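Down below is the structure, laid out as structure tokens.
Order of writing sets the labels: A, B, C and D. Residues in every chain begin at 1.
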Amino acid sequence: MIIMIRSGSDPAQVCALKEWLLKGKVTLNSVNIWGTELLKLEGDLEQIDFSLVKKFDCVAMITKTGDPYKFASRHNYPEDTVINAGGVMIGGGRFTAIAGPCSVEAEDQICNIAHSVKKSGASILRGGAFKPRTSPYAFQGLKSRGIELLIEAKKETGMPIVSEIVDISALPFFDNVDIIQVGARNMQNFELLKELGQIRKPILLKRGPANTIEEFLMSAEYILSGGNRDVILCERGVRTFETMTRNTLDIAAIPLLKKLTHLPVFADPSHASGISDIVPDLALACVAAGADGIMVEVHNDPVNAFSDGAQSITPECFDELMRKVKAMCGIVGKKPE
Amino acid sequence: MIIMIRSGSDPAQVCALKEWLLKGKVTLNSVNIWGTELLKLEGDLEQIDFSLVKKFDCVAMITKTGDPYKFASRHNYPEDTVINAGGVMIGGGRFTAIAGPCSVEAEDQICNIAHSVKKSGASILRGGAFKPRTSPYAFQGLKSRGIELLIEAKKETGMPIVSEIVDISALPFFDNVDIIQVGARNMQNFELLKELGQIRKPILLKRGPANTIEEFLMSAEYILSGGNRDVILCERGVRTFETMTRNTLDIAAIPLLKKLTHLPVFADPSHASGISDIVPDLALACVAAGADGIMVEVHNDPVNAFSDGAQSITPECFDELMRKVKAMCGIVGKKPE
Amino acid sequence: MIIMIRSGSDPAQVCALKEWLLKGKVTLNSVNIWGTELLKLEGDLEQIDFSLVKKFDCVAMITKTGDPYKFASRHNYPEDTVINAGGVMIGGGRFTAIAGPCSVEAEDQICNIAHSVKKSGASILRGGAFKPRTSPYAFQGLKSRGIELLIEAKKETGMPIVSEIVDISALPFFDNVDIIQVGARNMQNFELLKELGQIRKPILLKRGPANTIEEFLMSAEYILSGGNRDVILCERGVRTFETMTRNTLDIAAIPLLKKLTHLPVFADPSHASGISDIVPDLALACVAAGADGIMVEVHNDPVNAFSDGAQSITPECFDELMRKVKAMCGIVGKKPE
Amino acid sequence: MIIMIRSGSDPAQVCALKEWLLKGKVTLNSVNIWGTELLKLEGDLEQIDFSLVKKFDCVAMITKTGDPYKFASRHNYPEDTVINAGGVMIGGGRFTAIAGPCSVEAEDQICNIAHSVKKSGASILRGGAFKPRTSPYAFQGLKSRGIELLIEAKKETGMPIVSEIVDISALPFFDNVDIIQVGARNMQNFELLKELGQIRKPILLKRGPANTIEEFLMSAEYILSGGNRDVILCERGVRTFETMTRNTLDIAAIPLLKKLTHLPVFADPSHASGISDIVPDLALACVAAGADGIMVEVHNDPVNAFSDGAQSITPECFDELMRKVKAMCGIVGKKPE
């Protein structure tokens, strides 16, 4: 890291800055050039709060080298991460479709949908059991019973399953779940992330609706730096002023993330839009933009869904979508899993 | 329009509301039901300011029927608008690629790029002559000379041309321009829109970075209601908290607009992202999402471009993109023009 | 709730709608009027997913009556909630200043700052012990040791204390903390909110950076509906495209919340801006806008603060601020506590 | 400007970068240090597109010195600009209230409101004649007739007047208008700004709803660099995801702008909120935050206002507000004009 001192600065302040920097485990070199001073800092730079460096009036500019996310950085780890999720391989040029209902409602429901989406080409089954809801009066999910039903569907169809965790205390229920999902609202629930860094199971991490791409990667870093290297990133829309859609799908995040990180990048067109009519168009757009997978809400009877029916597509609609997805994979060089 | 009165309202206020409503050219019917009162309003409802109706405490709810945009509404005009732009047909199942440099810089430059993008499959040439720039100290375009050079390129290649207008007074320079572009910053320059409603030439209207889809359609309505029915809508990204990209491409706007309006819907992945590396991925996503066309900045020497070089792709890159675009058109049922 | 059927709708669909509605614990009345049909629904309406009602094409409009937040609604509970936080009364025309460092760092530090801010007029001491940080590599707080130091400062100064909880499992450490803070990132950590609804201790709930005012009240509702009626709302800025400030303080949320709810409304100008130079101006603006209190980060040595030094003001600056705050309270009719 | 070369860069690319930089009117110095190379660039740096410099892979970082806005910068011009608007002095520690209806509707209306707000303490009268409206079907203002009526009110009351211009062609109508307002939607109508830089009359420039503070200052720079140094900046809310208010008043922009520029900084709480009930609270917040003035919509009969009635306060409400404003000016060290 290089710090440039503003020419004409108060020497006492420059001195104070140097003292302050040296409180960390760093070494500092200085050189005078072009009427100003340059400082070179080496060592444990992570501990320095750079917003504070800027508080020193004498600082003209700072340059940091390297990504703040070490383990998530493609610069540091150029090879695509490939994740084994209950036998289904994710990333590394494969394209994976996750599908299923927003909420697990009953054994019949989840099994029927599972069979149906599997036939259409989905390789992983989704289903919510613990549901985070804006209103305390809305349906909160079948909880552990929902996980049991999901496991039934897994037994029946052989599909690996993914479900959302909303609190650390529920972790024991996820023993037979193949991928643990962290929802958008928990993207910065750092205690949860730390805990998930301690286990050895793939995590599907959704981007928070008000979080930048860098913050998204920093949250992945919480899990990765804990030792769990199997993180799938999932773009699901950010919050903007537009009210016609539930969120605004940040489609550019897909190719950007593919450049910044080696982790698989998925997208969820269902939550991103909240409108079933446009979910297939958005799903195709995600494939075209280079996503390694999509996560789509499918319900046999959307109007009677316990939650998020407005954004669920029918199995028929999903089947038609998957035919186009497979064709599109050919164009963008992905291998449908 | 139906207005429901809150039960238990002050009769004097209900009376005041009715009087106020009747000042417009409307007829009012009333019925008492379920302990409350319903008002039915018919006539020239456009003149009523609905934000004011809500100021009456006695109003429980209002329902409006129909879209606020009459001519732009697909409900009112179900058939796709097909536009003839200098011989190139736009809309109605066709897919059209517009390409060219951000700024027209010199005759050689524009002609070479024109030949090149035409060969790759672009059917319309873009080039900025009047440039709106954030800084008064930045390059402001070649102005009328830029239009002349663009017309030269049109003569040489036979491609119709599109260029941006930044003020009504420049209209005479656009006589031989096939499509007049209204830039994002002028989407609500209503005086300009009114003027463009009076002419008979296709208008490519870009969405403002802070404007909703409904406002976008209302701006189209300014042109359409003036009598000019040839408006092409162009999504080019909205402003969000994400700073890695110049804007956030609202990919969902494409399929939504296709449902709400009969006008052709284009997208501009160059301005939406500001990053040439991801422009092709976004361009493909736009095709997949159902766009009727794309507008892409192509420059033979991006680093030396007079403006927006950071988001321009090379002719080679555009050529590769177009090969994928054509393949993708087959999947989504579009005919490349 | 009233639903209006679109005239000319398919009778079979209207029938399906009615059947669907009647699956809940509701009674339904219908009347034909002006060529259309109105449905009146009574009973347990909370269970109905209104986004689904809109999926029925035959629905022209729906009106809901009442706020979705029952206990938080001023309409339902007109009187200001007054909260006793360790002997300090909050709300009901009082103005309360909470001050202290972002992080508790050492006994000396927290006690000195406590004495200082108390002298200036703060009545409650803040200090972070469990710190949610974007980077896993940044200082994560002194944790339970920080709480102990905070309790030391409470003993020394007699000031009630407030500190942030980041996970349910840490609840036992907060026995002697007077107000438990839920940070912005946890505003929709519903499991945490439910747990806090079960205890009897004031909760200071911060607004999430991407959450609407209605969602903010729904999160308060999670706590209130659990039985804990002592919730203090705290506006702390929302996320926008502006990058000069850390967040954008939604100053209008203060007077709006005062109208919508009976709960005390605070504001945090430190996190809202992230810039110590403008914190006093914003703090005064919050008082002027009608806040019941402010929460300000004060540090004796901002440059050496373990976290958020860039937004911390010095005790001297806080002292000067409080003199103005007290004068301003007189103008807006608040009694400084 | 200093550019740091990434260590280990391709010498050919570094060479290309230097050549490219030297195409402008600049001189370049180079030094090798710490295993890397530093370039110092002097001369006409405004012409260099910095987003392009970043395209060179060999560039590790760039530092620019100085604000991009030369004439607007307080660093360059430390003294407060004081503006004479028809005899009323603005800025330099004074506080100025501008009040009046959204639209000029009739002679009686504008004169009565003028007398009333003058008595309460407003020193400048506002009134819209040319109205930019989202819908082509909404009231578009009395146009030149509105300006005439405003001039009548000026004659009657002696108050200077301010009104919005929406197109260059209307400039002749503003000869007797004391301050020309540029509305939020025209903040980046650069052709209009350039024209207003050529006249000698104060300009009140409103911030665009999607524009950053820096862009706001760059738009002021268009006027200032043209030779017109009398620019008043007016914050009026930015667009966010919150839907309860029309916009989100960026209150922090007020103290920030006061630091960045010497120009007077006003705020418009009426457009910022769109809700008359909270306009007084917001107006007071603006005073507390350090604004040099406020602009408030006042209408004798808001419900019957031709436009923006929902955000207009009554003369009685304005009178009460002004009593508090004057008291508050004492606390923040402003002299009410």
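Operating definition for what follows: contacts are C-beta pairs under 8 Å (C-beta built on N, C-alpha and C of every residue); 3 or more make two chains touch, one makes a residue touch a chain.
Keep in mind the model is a prediction, meaning the values are calculated, not measured.
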In contact with subunit C and subunit D alike are the chains A, B
Taking contacts as defined above, which has more of them, A-B or B-C? A-B
Computed distance of Cα centres, subunit C from subunit B, in Å: 39
Nearest whole angstrom, what separates the Cα centre of subunit A from the Cα centre of subunit C? 27
Rounded to the nearest Å, the gap separating the Cα centres of subunit A and subunit B is 32
Counting only residues that touch at least 2 other chains, which ones in subunit B make the list? 210, 238-241, 243
If we count contacts the way the header does, which residues on subunit C are in touch with subunit D in the complex? 210, 212-214, 238, 240-245, 248-256, 259, 272-273, 275, 277-278, 281-282, 284-290, 324, 327-328, 331-332
Contacting residues of subunit B [partner subunit D, same complex]: 20, 23, 46-47, 49, 51-52, 54-56, 68, 132-139, 166-169, 185-186, 188-192, 194, 208-210, 215, 218, 221-222, 225-226, 238-239, 274, 302-305, 307, 309-310
In their shared complex, at which residues does subunit C touch subunit B? 2, 4, 29, 31, 33-34, 38, 40, 60-61, 63, 65, 239-241, 243
